Amino acid sequence: MILEAVKYMILGMGVVYLFLIMMVWVLNWQHKLLLKYFPESFQKPEEKTTSKREKLKKVAAITAALHHMKNS
Amino acid sequence: MKKRLLTFFLALSFFLIPLGVLATVNHMASNETHKEVQTENKSFGSLLLNFYKQTGIYAFLSPKEGVKNAKGDEISKFQQSFGRIIMIAICFVLFYLAIAKGFEPLLLIPIGFGGLLANIPLANIIGDGGFIGELFKAGIANELFPILIFMGVGAMTDFGPLLANPKTALLGAAAQFGIFGTLVGAVALSQFGIFDFSMQDAAAISIIGGADGPTTIFIASKLAPDLLGAMAVAAYSYMALVPVIQPPIMRALTSEEERKIRMTTRRQVSKLEKMMFPLTVLVLTILILPESSPLIGALTFGNFVRESGVVERLSKTLQNELINIVAIFLGLAVGSKLAAEYFLVPETLGILLLGLVAFSIGTAAGVIMGKIMNKMSKEPINPLIGAAGVSAVPMAARVANRVGMESDPTNVLLMHAMGPNVAGVIGSAVAAGVLLSIF
Amino acid sequence: MKKRLLTFFLALSFFLIPLGVLATVNHMASNETHKEVQTENKSFGSLLLNFYKQTGIYAFLSPKEGVKNAKGDEISKFQQSFGRIIMIAICFVLFYLAIAKGFEPLLLIPIGFGGLLANIPLANIIGDGGFIGELFKAGIANELFPILIFMGVGAMTDFGPLLANPKTALLGAAAQFGIFGTLVGAVALSQFGIFDFSMQDAAAISIIGGADGPTTIFIASKLAPDLLGAMAVAAYSYMALVPVIQPPIMRALTSEEERKIRMTTRRQVSKLEKMMFPLTVLVLTILILPESSPLIGALTFGNFVRESGVVERLSKTLQNELINIVAIFLGLAVGSKLAAEYFLVPETLGILLLGLVAFSIGTAAGVIMGKIMNKMSKEPINPLIGAAGVSAVPMAARVANRVGMESDPTNVLLMHAMGPNVAGVIGSAVAAGVLLSIF
Amino acid sequence: MKKRLLTFFLALSFFLIPLGVLATVNHMASNETHKEVQTENKSFGSLLLNFYKQTGIYAFLSPKEGVKNAKGDEISKFQQSFGRIIMIAICFVLFYLAIAKGFEPLLLIPIGFGGLLANIPLANIIGDGGFIGELFKAGIANELFPILIFMGVGAMTDFGPLLANPKTALLGAAAQFGIFGTLVGAVALSQFGIFDFSMQDAAAISIIGGADGPTTIFIASKLAPDLLGAMAVAAYSYMALVPVIQPPIMRALTSEEERKIRMTTRRQVSKLEKMMFPLTVLVLTILILPESSPLIGALTFGNFVRESGVVERLSKTLQNELINIVAIFLGLAVGSKLAAEYFLVPETLGILLLGLVAFSIGTAAGVIMGKIMNKMSKEPINPLIGAAGVSAVPMAARVANRVGMESDPTNVLLMHAMGPNVAGVIGSAVAAGVLLSIF
Amino acid sequence: MILEAVKYMILGMGVVYLFLIMMVWVLNWQHKLLLKYFPESFQKPEEKTTSKREKLKKVAAITAALHHMKNS
Amino acid sequence: MILEAVKYMILGMGVVYLFLIMMVWVLNWQHKLLLKYFPESFQKPEEKTTSKREKLKKVAAITAALHHMKNS
């Protein structure tokens, strides 16, 4: 039964490595492909729009308040 | 305050222990006292007596032969009396760890409370019609809850660090040796008569080395449902204990120079690359290991929802409401396996021990793989980040970073360690698929 | 605007009443008209006729002997026609109370709407495969929904006021006399032939005196599922009517001097004390009354999640998403018991009456206990806060505060009344456990 | 970036096609190679072989006669190999449409991912015990999920524009001709042998013309569960394609002058009117068409919760957490019907075709009704808003507005078009009720 | 069978029109009723209280900040 | 049957009182214990960190806005 367990160990580690090595390989290949065909996608990603909007709202509120204060 | 909290819990245990002692004493004497009582009272007295027989005190003090729990499993006299008190104390310890030590409170608190409720005598909470029993049926028996948690994990995980240096994924592969090495060890020890685990049980227990809660629960409920409680407790406890378990192993296996290795900058990651990543992993899973597809499918679904960028609503729901609700239900349901009749069995000790071994082997394998890769590869690789390959995201990566800083305070390894860390999640899911395909 | 709203609903009822009249007339004549119609038409005409027979108008106008609802229970001709129209009108009244009067809208709106849907002829909404029927199976039949609500209640309740003056809990005990006193009354009246309730039904109905929605639903679905609809409506209505029902009783039983009593400052409560509280209550439940442990277990779980302070995510989920979702499902499912065939039965009147009696007895018992405690204890106790012992958190405490202010506008009793108020929730759960252990 | 994204997906398909070719070749040769392999290996080799037989590659390359899927339905050899690869490619196309084109991503992403997972060989994801299978049982088989989505839709919909000009509801009625006209067409084509749909299937398919996702899923799961996948995909795709499908039809049927018609101001709508609206619609449903009451009941419940104004908590829950969670579950579960064995059948083409026809007929009928009403009514009515009667809220209303602006950029039709748009939702639900009452 | 389908079509469109025409009729009648008995309900509905409160909080925070700044 | 109900009443009220009296007793005992061993836990509990953080963020945003305004 130990022998069987050892076989399972070899099989298991083999599959895990196979899977992750293939993944590494595909990811590297994908990276090159993307660099070539979609170089613009490597731009710094902008911040998410929602939080941006919220910030804008906050800023607008503050600006309004300041404006109000100035005029008064 | 924390030390005092401990003192307090000890004080509380003084409250519990006398009851336990009482239980054991009464346990011995119960055979005689029993018969006298039953005929003595009448009318209102008999009502009182009947009521007394429905109290927990009576149940603790007068355990009976042949009692079955709400699910039809037998409970020994020890499990009915002192056993339940021990389990209740263990649940209090889990609360202490969660609150004072900050050990995975999001799961240990529901699990601990589920454990408390599961050890209440007479109340049918974990059986059919009981609310925890219903939660169990609704999501553990059919594996829905761990899968939904995994969706949330996918939606919360940024695989960017892995994409920035894909080859660190191999460290996440090496760490899975914790699973398969322990499998061999468990089988060997069973062969030598030290434990008594079947091959299937051994396989289930080994998955604790994957350092991933939902994967452990998923595998346990498929391969060894009776061991679920102990396995879940072991997995979450050791994940919480990562800062204690890993550093000594890491220091023992690396030289000062290796720990000081600085890693070069990582390559840039495009938004499109992140979006393709879950699909790529899923396609690989389909081709190589369909048995892993429930786990990896859920993980990649969550991640794709996150990275697609067009369904923010769903992504937030997966990361918040859904995962929170499921965590509550899952925790309570898993806690039901902390009932004395399931937990206080000889196997539990073996599970706790093997789990710890699996964790340690995984850590060591990750570090050693790191040393090998450092020698083979052109770019320098700090072997410490190999320890992060066990998963336990993001704790293990932080530990790698901290141990590295002990040797060189200016060497920030965190983002480099996140690569193997998230790869470890995938690696464990693959390992789980292998186990499922064998058994 | 509120008066006019009432006018409008009256106007609306003009729309409903003629239909009702029509129904009764047709009801009498239906035997004759029936046979002629069936043979007359063909082809497109017969299609139209068939369609007409599937309209609600036809179902209201032509009730039939021996019709069964989606659950296989028989519906009398009255219940099919005028009965359903009455029930629809009652649901509109519930909406009016919820919206214009602010009576527990979070539950009365889903319950009322569930009632509307349950009274739609021919549509299989409350049966197997119908969506409310499915919700019922998913959470009422197995008591999951009231338990989940109780978790949310636990997470929302601050037991601090009780911890600041624990002995006020005795007021919450006294108020449970509303439950047990009514039980005796209901049994006596059944003995005298005025009602026709079994002991078990009487016990279930009495729990309305506990002034706690989930507890009422939990007990009803265990002990008297057929009475669930009327009991839920009674419980929530009377809880909403606390400001109307309680003050006269409170004034009648106290003197002006007693109402002016100022209470001394409450002791300080530590964070640790709050955290220990749910565990303490649960341990007591385990020892004394395991039958209460589903209810008290859920309440204390929610409260422990709140007070542990390390799982804010889960606490918020219990207090918001989960309780809201469950409230919608629970309300609709409970509303299904407002179907004419279940609600328009003689028992309903008895339930509404006994519920009111239970409420009043509970209030009176709390106030009297307050008077006794005021005389026995060193510190002064304002008997008004005893009325808050019925639960109905936080309405009853506010009422106690307001009645006190009528006598002395500077005497703020609110926080003092919150103690018995939250103790009343525990008290009712204990009482529920006693009932479950007997029946 | 979008064009390049397309290129990339094409590149990806190069990855998939060779596999497909391989599959077909192997498909032919499989009969011979098979037997040799089985006896050759032993010990570790046999383990490897067994493992290989559990990979997706083997399943694609070596389809077998008589294989059944997790639900017991047979899968042809084509469906096992090339068929699955085609379906996986179709799911990628759905992702492309959802992400790059913004086509209903909230549903197409979960549906597409569910489709991916459903086409994984050997993994039992869509069967009993599989997580998508469990989701399907939990909410599609009993129609709970589409109903809950409809509640959310009700809570999100403001019926104000309809109340401001009720007679535009007739445009929403006319557009339902898309449903019934297609029914006749489908039956006729089946009669002539072009399609092979039963009357019931034809009725189910026609509902796609209602341009309403949950209604389509509801009807499909009742009348033609086998066609659910294709119908859902068709419905959501065409709803997303509204800006492409509708404008040519609208331009063809209207003159430049008609498109320039300005509509007069709409009457004021009171808060009370909005609150009464869902109740009014429900009462009408009860009287005229009880069969529609699950759909209309859910819609009006959500809307009443919204407009009652006293249960903001529940309204927000319906609009956010609940609908998001259900959308994820519904999408994945519907996606399970994209398994090759269900989707790659001759009927699918018919469904896609008839769905498109139904959509177009509905649009045309709405516009023509607009022309008629414009001539009959005193106030001018722009026939373009008739096209919005198909539902597809709010896309169709926006399209009407935009087409109107092409002729007169100062003519804002949006709010006028919202009236028929929301009426179309009610209209489709009524039509669905008629279909259910017939079949 | 086509004839049957045509019958269903007539029935179906008939019911849809019946339903929506009755709805239009009731809504118009309701509108008149409300105009007569509840004219005040036609006031511009105020903004929802929650968002109002939030705004008030924000404004309070800003005012406090401004006040603080003025005095310093 | 009335007698039985009365018995249930006595039992029920007895258990309710027993439970709550024991609770009062344990809570008082606990309070003394905590006062003795954990006196520091009776400090005024600080406000919850999350809301604190949010406030800090808000203040930071306002301060930034004010700063910006001053300089401009």
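A, B, C, D, E and F are the chain letters, set down in written order, and residue numbers restart from 1 in every chain.
The rule is short, and it goes like this: contacts are C-beta pairs under 8 Å (C-beta built on N, C-alpha and C of every residue); 3 or more make two chains touch, one makes a residue touch a chain.
All of these numbers come straight from a predicted model, not from anything done at the bench.
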Per the touch definition, the chains contacting both subunit C and subunit D are B, E
Greatest Cα-centroid separation from subunit F: which chain? D
Between D-E and C-E, which chain pair shares more contacting C-beta pairs? D-E
Taking each chain's centre as the mean of its C-alpha atoms, give the chain farthest from subunit C. A
Let me have the rounded angstrom distance from the C-alpha centre of subunit B over to the C-alpha centre of subunit C, please. 40
Whole-Å distance, subunit A centre to subunit B centre, using C-alpha means? 27
Counting only Cα atoms for the centres, state how far subunit A is from subunit D in Å. 30
Which residues does subunit C have that touch at least 2 chains other than itself? 5, 8, 51, 272, 285, 288-289, 321, 434
Residues of subunit F that contact two or more other chains, please. 8, 11, 15, 34, 38, 41, 58, 62, 66
Of subunit D, residues touching subunit A in the complex: 1, 4-5, 7-8, 11, 43-44, 47-48, 51
So in the complex, which bits of subunit A are touching subunit D? 7-8, 10-11, 15, 33-34, 37-38, 40-41
Listed in rising order, the residues of subunit B that touch subunit D in the complex are 142-144, 147, 151, 272, 275, 279, 282-283, 285-291, 293-294, 297-298, 301, 304-305, 308-311, 313-314, 316-318, 321-322, 434, 437
Name, in rising order, each residue of subunit C that touches subunit D in their complex. 5, 8, 51, 54-57, 59-60, 88, 92, 95, 98-99, 102, 105-106, 109-110, 113, 116-117, 119-123, 125, 129-131, 134-135, 320-321, 324-325, 327-328, 332
If we count contacts the way the header does, which residues on subunit F are in touch with subunit C in the complex? 1-2, 4-6, 8-9, 11-13, 15-24, 26-28, 30-31, 34, 38, 41-42, 45, 48, 50
